[in-house]
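I've put the structures underneath this note.
Two complexes follow with subunit A in common, the first pairing it with subunit B and the second with subunit C.
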Partner chain A sequence: MAHGNHNIEITNQQFEFTSKQKMFTYILIVLGIVLLAAGYFMEKSNAPASNASEITEQVLSSHEGGAAEGEHGDLVTKRLWANLLLGAYFTFLLGSGGLFFVAVKNVANAGWHVGFKRIPEAMATYLPLGGLFVVLIGGVWGVLGSHYYHWSTPGIMDTDKILNGKKAFLNPLFYCAGLPFFFAIWYYVQRKLRAFSIAEDNDNPNVNAKGDIMNDKWFNKSIGISAFWIFFFGFTFSITAWLVIMSIDAHWFSTIFSIYNFAVLWVSTLSSIHLLLIYLKAQGYYKHVNDEHKHDLGKFMFAFTVFWTYIWLAQFLLIWYANFSEEVTYYNARWTSHYMPYFITNLLLNFVAPFLILMTRNNKRNPNTIILAAAAILIGKWNDLYLMIMPGVTGDYGSIFGAMEFGAIFLFFGIFLHVVFRSLTKANLTPVNHPYIKESVLHDVGV
Partner chain B sequence: MRRNRKFLYGVFNHPDDILNAAYSVSATRNQILDCFTPFAVHGLDRAMKVKRSRLALVAFLMGLTGFTLALSLQYYTNVFDWPMNIGGKPAQLAVPTFVPVCFELTVLCTAYGMGITFFLRARILHGVRETVFEARQSDDHFVMCFDMESKGLNIEEVTGLMKKHGAFDVKQVEMIAGAK
Partner chain C sequence: MYESPIREPLVTGGRTYHNITEDICRPIENKPTRAWKIGFTLSAILACVGVFSIAYTSFVGIGVWGINKTVGWAWDITNFVWWIGIGHAGTLISAILLLFRQKWRTGVNRSAEAMTIFAVICAGLFPIFHMGRVWLAYFVLPLPNAFGSLWVNFNSPLLWDVFAISTYFSVSLLFWYIGLIPDIATVRDRAKGRAKKIYGIFAMGWNGSVRNWARYELVCLILAGISTPLVLSVHTIVSFDFATSVVPGWHTTIFPPYFVAGAIFSGFGMVLTLLLVARKVMNYQNYITLGHIEAMCKILMLTGSMVGLAYITEFFVAWYSGVEYEQYAFINRATGPYWWAYWSMMTCNVVAPQVFWSKWARTTPWFVFMLSAVVNVGMWFERFVIIVTSLHRDYLPSSWIDYSPTITEIGIFAGTIGIFFTFYFLFSKFLPVIAIAEVKSIMPYPERPEKHEIHEAVATH
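The block that comes next holds the complex of A and B.
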């Protein structure tokens, strides 16, 4: 870095969605569909019919609410549905995480991230599609179509006292109309923030004699709507997590569940932003984003890895310690069951690996170690969601993983990447007229 | 032994001036002893070629101490010396119950250990008088200081560089370091 740092050249580049990248996302999507179909039909021909009765019996005897019920679709189809729900929900989390990143930075008046702000912005453009997938797979197929959610089984509210008490919340109308309503508002906010950001690019920056951008009209506009959305998001995201994931085990509840899901959202969002940033830098974009920014993103990942662990333990410890039968069934089905390897892997990938990898300064500034840590985190978060969804839907049947699991995740990440890359092409890669762009380029975390 | 030492210092009006002066002095063979500024000047540490602090290592070791302390305390009391049946939890090594105490003691030892080490190392201790070259170094002026006994200090070159970058005052002073 040279001294006289007043004359900062901010070079703007336009992202080009090359045919190679397009092909990659298409291959992911097609491969996903092929694997899903292959896994589905292979499992179908293996016919876990003998398996199913055993599991149903076991599950019913252990009083596990949401699990296999025989009459509502067979286990293989349930597993297919659960995998699709996982993929849709995971990518949807990344989309809302992108918006949350932008909103939080706006409200905090932060400047360091402005250089690569278009990456989370592009991730947020996946929101409408991701929300649609969640509502279609979870609501239309899971609740209205096949009653994969235990509580949506017709007549269950008359026989089940506990579920009857939750009727005001757990009902198809709230799921299928409430969620789209929330997502529509999120989408509106995303559209607004994106529009402000792009309008800023085309507006007069009003540069003063010192080279500072004085036009902060659009930035100021985005603060208010961001603040509103964070407030709104806090409540509606909680409801989303309860409805989509927690209601799979409808008898069970955890008061920290939405924060736990938020931790999953935030850590995987930070990892994805970092991975995209490293990728785009390797492609020759983002020359002004350097080790300093990566260092701070790495710190963020490190910090929220510990946050996730804290929340995970807070949920686990209380339930394990109190040992109430209606609460502890959740961990019975996940720890003292065939899911035990996932349970151990969960802690290794989500806490031990990233915690040790990201601890030192050099590792936070080195793309290779970051890729390693981010991969551990993303695979770990998939594993975490798998543990949240699968035992409740299929019982022990889903504890051996196969082609379907890979298929669902390839399919949704293919779509997600396609949307993100397409959105990156639609605006300058750098918000050149953002009032904090200079601060971002000069960002320095010190020696 | 406390003895008088000779210092050379320049006073600047603007953070950018001292930053630029630090860059050009670091480019020569002269060693800057320290800079005193009323607020943190971004990039000054890099300009002065300050070595990276080893405080992070201290933090790690302190954290490890706290963790070991917590684990051994709990193991000794709950497993070795007086095992108790609490809620039917395994008496040997009920790992989840150990976690909160381990976490808290790790944080406690890291925070206190790091803070105390920092105060000791930076000589911010009770009874130690602060080094004041220029009364306004904590108000609106910026002071760059050299130890005149340091090897290879070219006084004329340093004075010239500081003046060139806007030092309005360059002085030599003899005083006991750490006290006026």
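The block that comes next holds the complex of A and C.
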């Protein structure tokens, strides 16, 4: 039976960032830059004159009479920018998701995940860099430099009455100073939680006669700050999602939008943790992580896939049902447009595929099916963000798929993986002195 | 399964397996106490007020209510949503917390599930009697078309509500009853005479065999899986009643998850109100420990903050949208004739639960009790604010009007509280208020080696 005397061996392994892995991340980064450049210059020289006027018209109509900004060359640059913003934002979501995972588990007093807790911890270390990329690309380039956000167009506030009404929120100061301020606090929390976790490794575990770790000082310390951050994150993440993504379609609004972005964040985080775990296990690490942990992570992916669909449906159904022109225009640009294939793919990859793949018990315990589901989810979430960003920036022009799209995602995932792997080397792979480590190693649900 | 000793025990006071059976069966086997008799009588009287008010409404017509052409929904739908929301804690505890393996749920799940069922019964009364001609209530069912061309409107979320709530009620009842079977068998085995027969019928021949237990656990897990989407879907569809419309203040995409969070919030408010009293009166401090109360307070704080985030999001986006009708609807909520309702809602639902950041607040029963009452009041005001303040000033200023309830409406609302407590008192007298078998399954493993084998057999069933 599950109780009695256990001889648990908690292997205290150290992750080694091999030169092969390093090379892989460098190749991703370089390949990303090459593809971005190649795509950019090819597109720029391939200006399809016949299409240009049509594109201009669409962009103009989607922006309700914005300034003359429809030249093809400009559109290509905008597409480049939008792809970079997507990559930066997506990896930033994964970084914040790592921190959210750690914080939620602390607050929930959970024990099962402790064995692989260092993976989300390492993902969270990407947070400062990810935040910096979002502010640099979105704020410095998109708002201050090239005015790619429609609301940041010079003089627009004088001509557009509705945008003028949003001036108190949609302004460069909020974007370039407010967001970094929030991210700095997130970063502070991330540093603290990481420091507590590592301090625990070096502290006396205070093992009692039965072999239980009784030192819960560092764990207790991390609960309060985790709770505070979740509270703070709820509000500041909403503002981030509104400012960085929702304001691309500056006239449009949806109250659920920040929760929708959170759903994207959470499902892709769970999938990334799972993928990293499977990879590290295949490399010979994490021997104590077994099918039970995988099963539970798989359940989480399944559950929050349904959650994402629920939120997607809530937004879509209510806007479609009411059919208000100022709201439904968002879906007109995405559904009844050149983006229709993306719209269909979105539901297939984010709901149908993972829902069916993760349905059975055995599939949740099998690394191969998990990889399949996680790949569907991550590609699906990229597609989801593409649908949120691209139509508002480039109009129908962005509905073609090319080298730039691959380039941006390779570049940012290269950087993200590099940071995560480097952080994994900085501490034990397993928090050996965590009071719940034994619970995690012996995790057995019995189903 | 190994459990770290730094976790608090879920059953305190050194209770043994036998003690648990004794403690929980005692109120069923003894004569009712005086407190129970007084409470039951008062509830029954209040329930009679409700029955009378409902009968009066049905005979005379809903003109006896304060609703009018502009404010067509008011206390009735407010109370309906309030009761439905209260039910959600039971489903959350029995389904989602089961899937999350939150063992503390075993101390509170039985009462919470019972509460769900009684709350849904109370909720269902309002839309049914709001129909006016209640004898035609079966028209909401999509019956074969034998009534001329009359057919239900499948596009209407009000019809989806009929399906959602009846499903919710059936599944909750089934889940509750299946959970009760082993405990009813325990009561049956201890009872004598007629009681043994009656409990025997409801125990459905339970004999505690391994096969019984294996099937029981499987069914519970499947029902938990079915109930989990129900927690979300029921209040989502209730929110669609409002959100699919074009009324400013109603048409907003955040409504579905925000209503669900609010429902869980109000449900835990009511669970705490009931259990803090039950635990004191029935001496269940060892089963519903301060740890249980603390956990529920944390859920209150979390869901209270979630509705707070939703309120602020709604307000912000109303301003941000630039739609003047939306903007007016929200300004009118906060500063119009019903400003007191809006600020009661804000204070009770958003500000008040923040006191639970303090451990003292979470572990002081009388204080938690007061706060739980505040939450119940706040969530009632939330629905009142959403419904009445959004309706009373519509697009046409000439039809603007204020609303106040009549004595009949107050009577029906008070009556549902009476009905709810009448059911609850009956439940606490005739059925085990705490899930005996489930609490036994989370007992710490015994220290005495000579009893080890027996206990292991029980604990691992």
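The rule is simple: the second predicted complex is superposed on the first by the 424 of 447 C-alpha atoms of A that agree within 3 Å, B and C clash if a C-alpha of one lies under 4 Å from a C-alpha of the other, contacts with A are read in each partner's own complex, and residues count from 1 in each chain.
We take it that a residue touches a chain if its C-beta (ideal position, glycine included) is under 8 Å from a C-beta of that chain, and two chains touch if they have at least 3 such contacts.
Bear in mind the structure is a predicted one, so any value in this text is a computation, not a measurement.
J.: Figure out whether A:I319 sits in contact with subunit B (first) or subunit C (second), or with both, or with neither.
T.: After superposition on chain A, A:I319 lies in contact with subunit C alone.
J.: According to the stated criteria, A:V445 is in contact with first (subunit B), second (subunit C), both, or neither; which is it?
T.: In the superposed model, A:V445 contacts subunit C only, not subunit B.
J.: Is it subunit B or subunit C that touches the larger share of residues in subunit A?
T.: The larger set of subunit A residues in touch belongs to C.
J.: Once the shared chain is lined up, is A:D212 touching subunit B (first), subunit C (second), both, or neither of them?
T.: Second partner only, subunit C.
J.: Give one of first, second, both or neither to describe whether A:R361 is in contact with subunit B, with subunit C, with both, or with none.
T.: Only subunit B is touched by A:R361; subunit C is not.
J.: Which of the two partners, first being subunit B and second being subunit C, lies in contact with A:E16: first, second, both, or neither?
T.: In the superposed model, A:E16 contacts neither subunit B nor subunit C.
J.: Give one of first, second, both or neither to describe whether A:F253 is in contact with subunit B, with subunit C, with both, or with none.
T.: Touch status of A:F253: second partner only.
J.: Mind sorting out which residues of subunit A both subunit B and subunit C touch, each in its own complex?
T.: Shared contact residues on subunit A: 1, 3, 317, 321-322, 442, 444, 446-447.
J.: For subunit A, which residues count as touching subunit C in their complex?
T.: Contact set of subunit A toward subunit C: 1-3, 6, 107, 109, 111, 161-162, 165-166, 169, 208, 210, 212-214, 216, 227, 231, 234-235, 238, 242, 251, 253-259, 299, 306, 310-311, 314-315, 317-319, 321-322, 324, 326, 435-436, 438-439, 442, 444-447.
J.: In the complex, go through subunit B and note every residue touching subunit A.
T.: For subunit B paired with subunit A, touching residues are 19-20, 23-24, 42-43, 45-47, 50-53, 56, 60, 87-89, 96-97, 99-100.
J.: Mind pulling up the subunit C residues that touch subunit A in the complex?
T.: Its residues touching subunit A are 1-7, 99, 101, 221, 229, 232, 236, 240, 243-246, 251-257, 298, 305-306, 309-310, 312-314, 317, 319-323, 357, 445, 456, 460.
J.: Once bound in the complex, which stretches of subunit A touch subunit B?
T.: Contact set of subunit A toward subunit B: 1, 3-5, 313, 316-317, 320-323, 359-361, 442, 444, 446-447.
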